[in-house]
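What follows is a pair of complexes built around subunit A, which joins subunit B in one and subunit C in the other.
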Partner chain A sequence: MVNTKVCTKLLALAGFSVAASTVMVSAHGDMPVVEYEKFTLDNGLRVILSVDTSAPVVATFVHYHVGSKNERPDRTGFAHFFEHLMFEGTKHIPRNTVDKLVQGAGGRLNAYTTFDETGYQIEVPKNELKLALWIESERMLHAVINETGVETQRAVVKEERKSRLDNQPYGSILENVAKYVGAGTPYEWTPIGSAQYIDQATIEEFRQFYKQFYVPNNAVLALVGDIDIEETKKLVKAYFDEIPRGAEVKQPDFTFDIGKNAVEEEIVEEQTPLPALIYAWRTPQQSHPDSYALQLLTTVLAQGESSRLYRTMVDEKQLALQATSFPFSLEKGGLFAMLAISRSPAQSLDELAEELDAIIEKVRGEGITDQEFQRARNQIETQYANSFNSVVEKARALAHAEAYYADPGRINTEIDRLMAVRKEDIQRVANAYLTTENLVVLKYTLPNR
Partner chain B sequence: MKLIKGKVAFIFLIFATMAETLVAQQIDRSQRPEADLAPEISFPPYTTFILDNGLKVFFVEDPRPLVTMRLLVRGGNAVAGEQTGLGDAVADLLTKGSGENSAQKFAEKIDFVGGSILASASEDAISLRASGLKKYIEAIAGLFAQVILEPRFPETELTKYKALQIDGLEASKKQADFIADYAVSKVLYGNAPFARMPTKEDINSISRDALLDYHKASFSPKNSTLALVGNFSPEEAKEFVEKYFADWKSASKAPQLLSGGVKIGNQKIVLVDRPTSVQSAVRIVGPGPGYTDHDRTRAFLVNSIFGGGTGLGNRLAMNLRETHGWTYSPYSYFTANLFGGSFVAAADVRNSVTDSAIGEIIRELERMAGERVLAEELNLNVQSSVGNYLMSLANPERTAARVQNIDFYGLPSDYYDKLVDVYTTTTADDILGIARKYFQKEDMAVVVVGKASEIREDLERFGEVTLWNEDLEPIRTVSATQVGIDANDAWEKMLDAMGGKAQLQSVTALSMEGAAVLNAGPQKLQGTYKMVQAYRNKEFVELTAQFSGQSMTLFQKFTNETTAAQIQQGQKIPMSDEDVQKQIAAAHIMVEAWLNELKGGVELQGLKEIDGAEYLVVEVNREGVDEHVYYIHSQTFLPYRIEAGETVVIYSDWKEIDGGIMQPDGLTIQFGQVEIGVSNISYTVNGTVDEKIFQAP
Partner chain C sequence: MPLYLVQHDAQSLLTLRIVLRSGARDDGEFPGLADMTCDLLSTGAGERNAITFARDVELFGADLGTAAGRDEIRLELGVLSRFFPSAVTLAADMVFRPRFAPEETERERKLKLAIIKQNRSDPDWLAITTLRKLIYGPTPYGHPIDGDERSVRSITTKDCQTFHAATFVPDNGFFVLAGNMREKEAIQLLEEKFYGWPGSGFSLARSPLMPVRDRPRIVIVHRPGSAHNAIRIGRLGVARGDADFTTLRLLNTLFGDYFNSRLNTLLRESMGYTYDAWSNMEGTLDPGLFAIGTSVRGDRVGKTIKAIFRELDRIASEPVSLQELDIVKGYISGRQVLASETPEQIADMVTTIALHNLPHDYYSRTIEHIQSLTPEELLGVGSRYMRSDEMTIVVAGDAGALQPQLEEFGKVEIVDSRLGCIRPRYLLSHHF
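Up next, the complex of A and B:
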């Protein structure tokens, strides 16, 4: 009853959930294959269409290849701020009506900003496909960027920060992890950024950002649902063809230096309910083969009640209310993290650290058992079979694969790459990345009350 | 030639332009595109069958390589008995040892095949969900059946469960939302065992025998239903279920459920005092339609208009967020269980606008029940509700759960077939009628979790305020006439407790210094707090803090008989003449002992219970100074808490210092969002004081 509620809530608040890393899917064995069609408009917009008739609905997903890593260090929070501005209205869509239009049609819409990308998703009954295309093409063609909209969203973003970060237990984990793991790279700040920079920016800077990044040649449109491919192609052209191509967008070029990044930091916040310990290591970018081995490693360590972290720390020794690990893979680098929340206010973090250290040492020294290896493979397979439960998830995965790999079909072969990981690879990556020289330690301790 | 060619090209260009114009006309960007013909909506197909032992099964086909099963067992936390949280414990411990498997062995087996089996309890049911790949489903179903038919509830696991729940409860109780949920529950259901906040004692008193008894009585095929989703034919589905559940025997009779229902008592304004709150969790609650009430579906439309459909600009959001900017996401909902239905409207707002926000929510409820909704607003919400329903049909697990719920709550079997019709035929009069039925002032209550010392008085304009503590127990307050001691007596006793009036008056200089912790929002700083006072109105206060190894002065206050100043981070704070006079008056040394001479008056407000201790609440008034409220301990007569305007000071650990007078070892100063905790305070009485210290630089 009580505890599970708290745990999931605490983790969700910390801004992490395993589902947050975009999961790709599989053509492995009996897994269904996602069929799709891809074409490119003259203005450079890449379009992917896929038919799914499980319900009379259709989803659009627009992926702009701009995230917080594209920001200037003295203008952090810009990409996320834009996600908000794009709901302010366009030349033909009055202010604050985007939500109303979609929800009034019985649809849903959402948007998010990560370190690498900004994504817009709309899901509507299939007879409202044109509405979704109209909204997304209007956003790309002529979003209205004026003082009214900027002022309104400045206030809204500050409130969002307050409710998501400042007032939430462990709300600052992502910021602190990014600060130390991403140190010296554009990953050292998070998408929410700093309010002061948004306050300092001029209207001209916002217009320039739009002109630079919200161009068809920096975007992918994926469309999945109960559609007629030929008819939909015509509609997409009708709505998007006239949008002018922009200048080529240059992505920042960097990689993480693995190692030489050890930091230990104590964080005291009024809203921390229980002491917590976070370990985070730098790992390679999402396209690197080792990122697959790291996914299996996290499964062994943290998935299910027979996983090493749960078994030792929560069940046997009863030191932690929750203990988990997760990989976080981005375009230019990644991280692997472990998190343990103390059972009680009096619980010392040293004891938690001792256990975490022993667990890491064991996997580095002895690797994993045959049984654990097979278990992880089975869990991963199940997870992947579950990852396409809606047309929106499919559209997002297709757009993602196109944006980063120029190959939407990669979603059908992702499971093969996971299944290609060998047992010894898991020990190898633990030794390569989970080192003390590469370790960032964050200690959330309780305020003196 | 050339010319002609040019002409042809020119003509061709005109055609091309025309063609483009035609395309452009197809999409008139200035208008919202017209919707195509709405798709047919029909509830997805499903199959129902009943095993010989009485287990009812609902099956929905799904082409994906996954299988899910959901067993719904009637009873939940409401199986007769006074034990709170028994259903929760049963649900949690089902998977902690069954058949030949220990909890650990079970976890290994289910994890090995990538499956999951989870159970949870609500007020009226326990539900268990199993899922996994179809190729491993035999192993998963075997474990699922074992959990349902032969759980062992080992003592060792029960002990661990209790310890974890008690720790979890402590952590949860620090969150206002958690307290608010249970406060709402208590207002709706009173002290019904299935609805109240569990206590440590509740958790500790759960026995293995009680778990076994619960299982024996409730876990029976006739008291349960199963929903199955997967890539089977209906025949295969039946065979599959029979393989695992045909041998399950029914208990002789179904378990008795507790009776209960939504009933708002006489406590219309409940305030849960959470002294650390900077925000109030406001909940306005009332009755709602039960599952089988005919107006339940349309009540969802009422809610969508009122506080449900966020993006549609519902009234709650338009008012509280858009117009007033008091809160980020207010919301409301109707919910129901076997005991009836209820309504909740919720908003988290800062202390100072708590009563205003409540006033506005009530105003919106009255508007909903008093005025007919406009056609446009109604249509928007109807369209949205129909569309949401349509989109939900893609999820076969949801379909199966819906069919199962129809059976569980006794809804008509064509409920979902008629749903769209019910939505689309709803009129503005229907909406008005439903709002009038449920949004009646005398049937509703206001629940607030917040800082009583700041918001209580404001709430009194809505009616008599019932005060609860964080354990949701009434805080006993006694009015002044019942206390049996008058204010002057209380004040004298306080002075005696502090060392005696004469001793206190003999203090002409007092210095104190302690370690300080400063909390301002997410920031937390370590530092020192220092105060020096001299007869009569001389005072110096200084707060310093450590910034990356460096000590910085954050705040200084200077008072010197006729002058007063405050410096904050190096900046002088502008003060009016009145501010200066107030500061001088307030700076009087040992002011409590001089109250008579200063022509101050005391008035007893009553007796208040806080954390098990009783305090006399005494209001102190004297000219030129803001009103102060002293909380004096009813046994020790030492002051515990002083409220002055927006500032609250709480004293702890009184100790004897030089001159036989008593002073606190620790104190906490709260001012708005800022809190300063001072500990290990050392004192010097009548020592030498450099008078220059009282003069601002």
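Up next, the complex of A and C:
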């Protein structure tokens, strides 16, 4: 147990003297190395337990290996729709009470859907661990999928799409980037999907999807917090052992070739306030060694005000309101994108393009400086030190590492892989992936008003 | 200047926060002044210009910045503990020796104007900004923290320098240091770096601000062809120090501030009208804004507002059930546990306690208070603060479709996204 103490001092500033000290509250934090225990139930559910006594709290995270890439092209949005349905209720949990149970116990819960996975997290005071396990086992064993729930969530998901995408400036960026960078693969549509497919689908199709993917052999349960390992093992068995194993889940088999994929598209939307330019390239999957060098590259290009994109485009030349870069690492492929939003409606996108081209050319031709390299490493180390601050973040990271690498311990060595990237690797990956043959250009221009 | 230490030895990071008891509420006639001043502090200090300053901060992998809130300014440095002694020098430079180079003011000004322009295309921003303006008028809580075009165009470097000189003084704030440190060394280091910080005889000659006491209004912010409609409904709430604050906070949670709230259950789960519906209560030094928000399709706006009004009237006239009350009590108490996991979270609690001059055991007292509240006490507060006929309504969307639906609730005013013609009808009093 790590102690945190809070006390009050008066600093001896300008004649003040050091004064009283009062202990007020206590709290605790993360460990440098995350230790864990892993076991597999007979039904194939992989379980990871990790003790963290920082606070009297426990987090459960259930990772289902199903995301938008597991969907049929004519049934996009299914995985995300399911994330919503799983809050509707189960055989023993009446409709609209999952949240009440958790929140009434002083906990919180959330869920998300990506291209590769659907994740469910619950955090509760430690004496409510059974509640979290019961809810997750109910959801895995017998979620109720009926007309009422489906109708309600159809409406909610449509509203989510409207408020998050259709009505937001540049809300369609991810959809458009995916469409062109992921063309020809299951990464060409996004988790939110298209509303008409959810409308077209029958109840039977939803039940089939549940039966196919929400099975223990397609899931990882991670549990982190103030727990007793042996007792928790017994509890996990009591709640999950009886859930029957499902048919083997086949993940989509495709390659994400880095080839000639160049496209240029103009996008005109009513809500676009200022012209914007997006460059995006295909990059390798998250397990590929180059994905680490690409992370450092994006740090050099876009993290902070001394980064190349900010310094040149926002600060010195004042062409852009915002200029950033982000890598997207997925199970079967990745993307690297740059985004610049014009400073004014009249600002030509050609000027922004010229600048972006020059920045890319420079990093490809000359690489990065020693100082930039050092800065990127320190920034990455700081991020890493920040990343396991809470039990739920730890649980998510452990489940993720188990699901994709069959090795939860990988979370302790991820920093080593980042620190092993050499300066010349960064120039190398820029040359390998940020090519004109592989470049997708999206131009958000202003509507005629 | 007081220093609060949050010692936490299993972390490799250290966070230093300097909190000053001045904020956007002190902008005076220049909305956005505190915010602009804060932004300029990062654009060069001591021997470094904007570029070399950012470069040297980031070389340590550190985050160093200043931000203005309504009641306070926070300077925050987050860095790996081993770099703290070097990075803290840069923080001290920001406090003592900011450059305030005029060319940086121009750069920031342009950037801010572009951001404000971008905000004006965001229906949520338009709706909440309008609501705030209607409730507070030209009083210190009435404008967006980052100001408006008129003001941002007119703020000078000199204004920012003066604001900095008046507010960045040791008798106007406190330090919070949280994370992995050796206590003695840390104190010694801060004393060394901040030694000789001159006081100013600064005193907070501040009368409580008196917002507009106006009849509720109904305003449409016209966005031609808007695909979606942002609804904001609200009124004046209470100050954090008010005797009703904790009771109202519990009521607000029950009503709209957690997933199972009445509002979200009705509009999202039962009616399927929206992705989320919420209510929020600010915990500011003077009475903050109580606001309800959601987004719905154009033809459902009238029905949505009716549903929200029915829920408000229910809160204002019927006692809540013990069962529902227990769920909310459990939720708030548990949240408290979950919110004290990291040193940064503890630092936040310490900041609130110090800023509002609250007792050291404020958080545990609040939980005890919440556990003791009865349906009758809640009804008393609900009937005073949550009546639908005292709420102002703002909707950002296409006026063509909205106007007939809103006229059911009273006289409708329509403005465009510049919000230029929004003025409170009269002011009772305004001291500042």
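To be clear about the criterion, the second predicted complex is superposed on the first by the 418 of 449 C-alpha atoms of A that agree within 3 Å, B and C clash if a C-alpha of one lies under 4 Å from a C-alpha of the other, contacts with A are read in each partner's own complex, and residues count from 1 in each chain.
Assume a contact is a pair of C-beta atoms (placed from the backbone, for glycine too) under 8 Å apart; a residue touches a chain by one contact, two chains touch by 3 or more.
This one's a predicted model, so the numbers in the text were calculated from it and none came from an experiment.
Participant: Contact-wise, after the overlay, does A:G304 reach subunit B, subunit C, both or neither (first, second, both, neither)?
Facilitator: In the superposition, A:G304 contacts both subunit B and subunit C.
Participant: Mind working out whether A:H92 is in touch with subunit B, subunit C, both or neither, as first, second, both or neither?
Facilitator: first
Participant: Applying the document's definition of touch, where does A:V263 land relative to subunit B and subunit C: first, second, both, or neither?
Facilitator: A:V263 sits against neither subunit B nor subunit C.
Participant: Using the superposition on chain A described above, determine whether A:A238 touches subunit B (first), subunit C (second), both, or neither.
Facilitator: first
Participant: Could you say whether A:A105 touches subunit B, subunit C, both of them, or neither, answering first, second, both or neither?
Facilitator: It touches subunit B and subunit C both.
Participant: With both complexes overlaid on chain A, does A:N127 touch subunit B (first), subunit C (second), both or neither?
Facilitator: A:N127: touches subunit B, not subunit C.
Participant: For A:E138, is the partner it touches subunit B (first), subunit C (second), both, or none of the two (neither)?
Facilitator: Once the two structures are laid over each other on A, A:E138 reaches subunit B alone.
Participant: With the two structures laid over each other on chain A, which partner does A:N448 touch: subunit B (first), subunit C (second), both, or neither?
Facilitator: first
Participant: Between subunit B and subunit C, whom does A:N389 touch in the aligned arrangement: first, second, both, or neither?
Facilitator: A:N389 sits against subunit B and subunit C alike.
Participant: Check subunit A for residues that touch subunit B in one structure and subunit C in the other, and list them.
Facilitator: Subunit A residues touching both partners: 2-7, 29-32, 54-57, 96, 99-100, 103-108, 123-125, 128, 155, 159-160, 162-163, 166-167, 169, 270-271, 273-274, 303-307, 311, 315, 318, 321, 343-344, 371, 374-375, 378-382, 385-386, 389-391.
Participant: For the complex, which residues does subunit B have touching subunit A?
Facilitator: Contacts found on subunit B: 23-24, 26-27, 29-41, 63-66, 85, 88-89, 92, 103-104, 107-108, 110-116, 120-121, 132-136, 160, 163-165, 167-172, 174-175, 178, 198, 279, 309-313, 325, 328-329, 380, 383-388, 390-391, 393-395, 517, 519, 521-522, 524, 675, 677, 679.
Participant: Would you mind writing out the residues of subunit A in touch with subunit B in their complex?
Facilitator: Result: residues 1-7, 29-32, 54-57, 91-92, 96, 99-109, 123-131, 133-134, 138, 155, 159-160, 162-163, 165-167, 169, 172, 226, 238-239, 242, 268-271, 273-274, 303-307, 311, 315, 318, 321, 343-345, 371, 374-375, 378-383, 385-386, 389-391, 447-449 of subunit A touch subunit B.
Participant: Going by the contact rule set out above, which residues of subunit C touch subunit A in the complex?
Facilitator: Of all residues in subunit C, those touching subunit A are 1-13, 42, 50-51, 54-55, 57-63, 78-80, 83, 107, 110-111, 114-115, 117-118, 120-123, 170, 175, 187, 190-191, 194-199, 225-228, 258-260, 265, 268-275, 295-297, 326-327, 330-335, 337-338, 340-346, 349-350, 360-361, 363.
Participant: In the complex formed with subunit C, which residues of subunit A make contact?
Facilitator: So the residues of subunit A in touch with subunit C come to 2-14, 16, 18, 22, 24-25, 27-32, 54-57, 96, 99-100, 103-108, 123-125, 128, 151-156, 159-160, 162-164, 166-169, 270-274, 303-307, 311, 314-315, 318, 321, 341, 343-344, 371, 374-375, 377-382, 385-386, 389-391.
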